[in-house]
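Heads up, the next two complexes both have chain A, just with different partners, chain B and then chain C.
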Partner chain A sequence: MRFTSANAAFLMLGPIAFFVLFFLAPFGLLIAESFMRPQGGVTLSNYISVLSDGYYWNALINTLLISLWVTVVSFLLGYPLAYFIVFHVRRPWGRRLIYVLLMTPLFTSNIVRAFGWIVILGRRGIVNSSLLALGLINTPLDILYGKLSIIIGLAYILLPIMALSICSVLQTVDRSLIEAARDLGARPSRAFIAVTFPLSLPGVVAGSIIVFALSVSAYVIPSILSGGREMVMPILIFQQYAATFRPDIGATLSVVLLAVTLLLIGSYLILFERRLRAVG
Partner chain B sequence: MTRNLVWALLGAGACLATANPALAQQRLTVATYGGNWGEAQKACILEPFAKASGVQVVQEMSVSTVTYNKLKQQKGNPSIDIAWIDGGISELASADGVVAAIDPAKVPNIAGLIDEAVYKTKDGKIYALSTGFYALGIAYNTKELKEAPQSWWDIWKPEYSGKVTLPSPVNAAGLPFFAHIITLTGGSLDNPTSGVEKLKTIKVSSYYDASGVAQAALQSGEAVAAAYYNTAAWAIADKGLPIAFIVPKEGAPSADIRVHIADGTKNADAALQFVNYAVGDEAMNCLAEKLYVGPPTKHYKISDQAKSRMPWGASGNVKNLAIPNWDALNAKRAALTEVWNRQIAGK
Partner chain C sequence: MTLDVVVVDSLVKRYGPVTALAGVSLAVRRGEFIALLGPSGCGKTTLLRAVAGFVEPTSGEIRINGRPMRGVPPNLRPVNTVFQQFALFPHMTASENIAFGPRRQRLSPAEIHGRVRDALAMVGLEGLGARYPRELSGGQQQRVALARAIVNRPEVLLLDEPLGALDLKLRKRMQVELKRLHQQLGMTFLFVTHDQEEALAMADRIAVMREGVIVQLGSGAQIYRNPATRYVADFIGEANLITCQVDASGAVQITPNGPGGPYRMPANGTQQVSLMVRPESVRLGCGAGADHVALPATLKDKAFVGSTYRLYLVLADGQEIAAEPGCGREVDELAPGAAVWVHWHKDAARLLED
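Entry: the complex of A and B
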């Protein structure tokens, strides 16, 4: 069978139907709802009341900042991890074992893992009791229930995704290029900065976009680890459905969150493409 | 061989048919709660009813707000026949017309219920029946605290500082708790300032969205006290943890779990029979024994341990419960949540 564009289009039917049925159609309903008055009739007032209110902007900025931190932390931990797996684990079975270990946390529920952090970060958790025992602190640190614990919880869950997407690109980096740099006198660090890292950037970009998007929309981890003391958009949206019964405001907040996230990811991609072209 | 099988099947079918000819082919979808609550409802009500009536009962575990939103989305053509929804949300469901009127002539067990358990619309039609009351009081760690709390204001004391967890508005108990504090401090739902100022002065460990999160906080020692349900607190105690529950002297805001028939159900007869079974003495004793919800029945028989764990305390009855004015509270949901978010949560 020749892989014609007709064949390709045919193969795309499934994914497109899935996307339309389970994302575009429900999201269309959500957009429609955001322009609706509770009593019926079309209105812009939901957007006006959301966009003119500093509280919602603060929640949005808080969400984006937390997600940015999660992305940075999972990059800082994920890159060395991926580098180690690809360049230092020579045996295929060793590599497979690490992949399995990396994936295992993804098989357990977010809720269970969030409860785990309560035990670790709490007043009497492992972190505080060790610091107290070492005499480094006198009273337990307030780590749990705040921005820090949300960032830790999310970065831990999303780290495998970042590491795996960097791995997949690092594996394809042509080793002879690195050897060439070394032959031409570059020290290992210079070879890394000038050759390996730039070539692995597509993996970093893909990983960071996925991690950022998942952090922005995360509900379970912030709900459990914020202790109700930090407001992020998913919690605010859930409140509209579960506490105040204002699905119209919930829909408006969802649309605003998606629009802002798309805008940010779009500009990030454009910036990255330009940089690549400039380098190339 | 095949013939024997056919006869056996026909025989079984005939038995079911004679047991209850009209209902045998019917199927009821029942939205219950999740976790151990859903299990208790299944064991006390759904399974015995299915056995006695021959009706096929399908359980759908859910939470009140989701069930309510589902009924609203499917108005007139519901996928659920029977819906358990908490007090507070139940009033909203009735106002939206998504639950059907229950004809007392077809539910004779209503005669065995206390007046507080029968909910009627303004024109006198029954829209919900209570299947058990619960109260939000103080759950506390009996090992960590030398003295048991007596009053809501006790959790403001220094020994509780930074070790208390309270329900957030996302939790069904959140707004009733907030409203209770507002009332106790002399404010009103229209002017909640006194309650806000009071709540600003308590140093909490956290505000919990889900009941399970409060449970984790109490179990790990992260919190030594919580504004929490009698039912959930005693469930932790049953696991052998040093947790007890008190009804504060200023009263415990209370609610109940109510059974409703979805408006537009295609199985109205079976649904009425189900509701009749659900509020019968046997089912209600069973549920009270398992969950420590206060029975809505006039004459109930439960163990001494269950009696000591009732929402109204060891000695008391439904009259001791502080049941919120739900219609007034529901009208202020958005406003109170906003005040909570902006002035209390992030302080």
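Entry: the complex of A and C
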């Protein structure tokens, strides 16, 4: 059976209504707010004050840097994991079990998991006490409450998303292509570099975009694991609404963050566009 | 012996309880075109993959140019494969696909360029090197796959049902081209197929496989005329297989209570044999002389197939046979139910033990 375009439009009504009501409308209000004076009237002054303030820039760069690292780390850990699941777990039930194990942490609260990292990374945490006991260090390392702990915390939460995204594409890579590469004289490592990896790029790209976007907008993990020492945009934005009562600045910061993120993701996609087109 | 480029020696491959190869031996002569023929699951692809290095045999040995191949990975074997679904790299152009092998051999860029150009010309794809596989038709993709393999000048070219993905017309054309390429290159071809026509059309020798063993090896004509078993007769070409009784004297009776036929079995106690006769050998009429076997039959059905009629006949004992007696007027006028006589020259039939 084929859907006529009228039928299709009818089916799309629900999603479109949802999108307009709960995303487009509030988003429009947010943009409007960013161009408004607290006492009323249109202005660019919010943007001027945000963009001329080093403190905001600092938070923005901090956020992007942390998100970049989270993306890199979850790729570096997620790719081998996905490769292992797809190429070395032969039994279907084994694969299913690993998928479930990967998903299980997503069912628990981020807050609980962030506190878990405090237990592990703290001055008297498992990492430091083991290193001390082994005599590898003399004074506890300052891992917790910094960029590193935020990156670890976020990468840990977002790793399954990266791994599953890569898995879904890696699974579709035709095994006979890898055999063809071997047949034509490629060592296993060369076959991976020349064939398997390029063909799995769509999964890597999709995974990195999701992980990057979720890192940029993450609030809970940074606020618990920063210990107040690191400022990221979501915390800053929250403060504008909840502490300093400057919704106009909060809205401006949100728009700036969104614009910069879209710009980065856009250039990332353009960078890979030619390769992705060849693969897809 | 120096002529044999590939020697397969009692090769066995088991997957758990399943035996894919049950002791295959085969010597491929240099420059020969051999077809491995059999239905799916007969082990022909496993044998090819064992030669390519993708399947490690359970026991037995493969030697290429006298060198044992056990433990030698696919990238170090002097063979190349044309895969069933072509297996072209989708993210590389046709030229890049073809250059993949020469690049691994670390040839100079000029040498690689020259070889790629020659290979493209060899398969008739000049000027299409910059296209991606998805921009090529099925036949063109097939040619790229061929070029990508022969550009490495392998000792043996392994072809895994390479024409299976093409439509009938293209398949016939590619058969001719493959054969031309084989003659032009003087390369050894080991070709896997389940299509007996394809094997007959192209191969110098055919290895008919069944359940992990080679049941007969020989030229197409040899196998067609002298099938070793009922299975081979049935698989290669069309065959009438008439079940016959052997009487005490060793005479073969084609129909019960009929006269002892002109065929005799060595007295080895066999009670029942099959008489194999090709439909094109079965003629209408009583025949002439003692060299012919003649039987009464009833016409059940007839079909016009272009160059001939195909007749479906029932013998006196109920067994059915097919005949292709050509397109004469006498055949034109036959109607189902007609009582006729059929005959064949006794040398046109073979006795096969069941």
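The definition used in the following text is that the second predicted complex is superposed on the first by the 264 of 280 C-alpha atoms of A that agree within 3 Å, B and C clash if a C-alpha of one lies under 4 Å from a C-alpha of the other, contacts with A are read in each partner's own complex, and residues count from 1 in each chain.
To be clear about the criterion, a contact is a pair of C-beta atoms (placed from the backbone, for glycine too) under 8 Å apart; a residue touches a chain by one contact, two chains touch by 3 or more.
Fair warning: this is a prediction, and the values are worked out from it, not measured in the lab.
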When chain B and chain C are modelled together on chain A, clash or fit: fit
Partner chain(s) touched by A:213 [first = chain B, second = chain C, both, neither]: neither
Angle at chain A between chain B and chain C, C-alpha centres, nearest 10 degrees: 150
Chain B or chain C, by number of chain A residues touched: B
Chain B versus chain C as contact partner of A:115, first or second or both or neither: first
Closest approach of chain C to chain B (Cα atoms, Å): 48
Of chain B, residues touching chain A in the complex: 65, 69, 92, 162-163, 165, 168-170, 174-175, 204-210, 212-213, 216-217, 220-222, 333-334, 337, 341-342, 345-346
Chain B contact footprint on chain A (complex, rising order): 55, 111, 115, 118-119, 122-125, 144-145, 223-224, 227-231, 235-236, 238-239, 241-247
Of all residues in chain C, those that touch chain A in their complex: 52-54, 73-76, 79-81, 83-85, 87-92, 100-101, 104-105, 132, 148-149, 152
In the complex, chain A residues that touch chain C: 174, 176-177, 179-187, 190, 194-195, 198-199, 275, 278-279
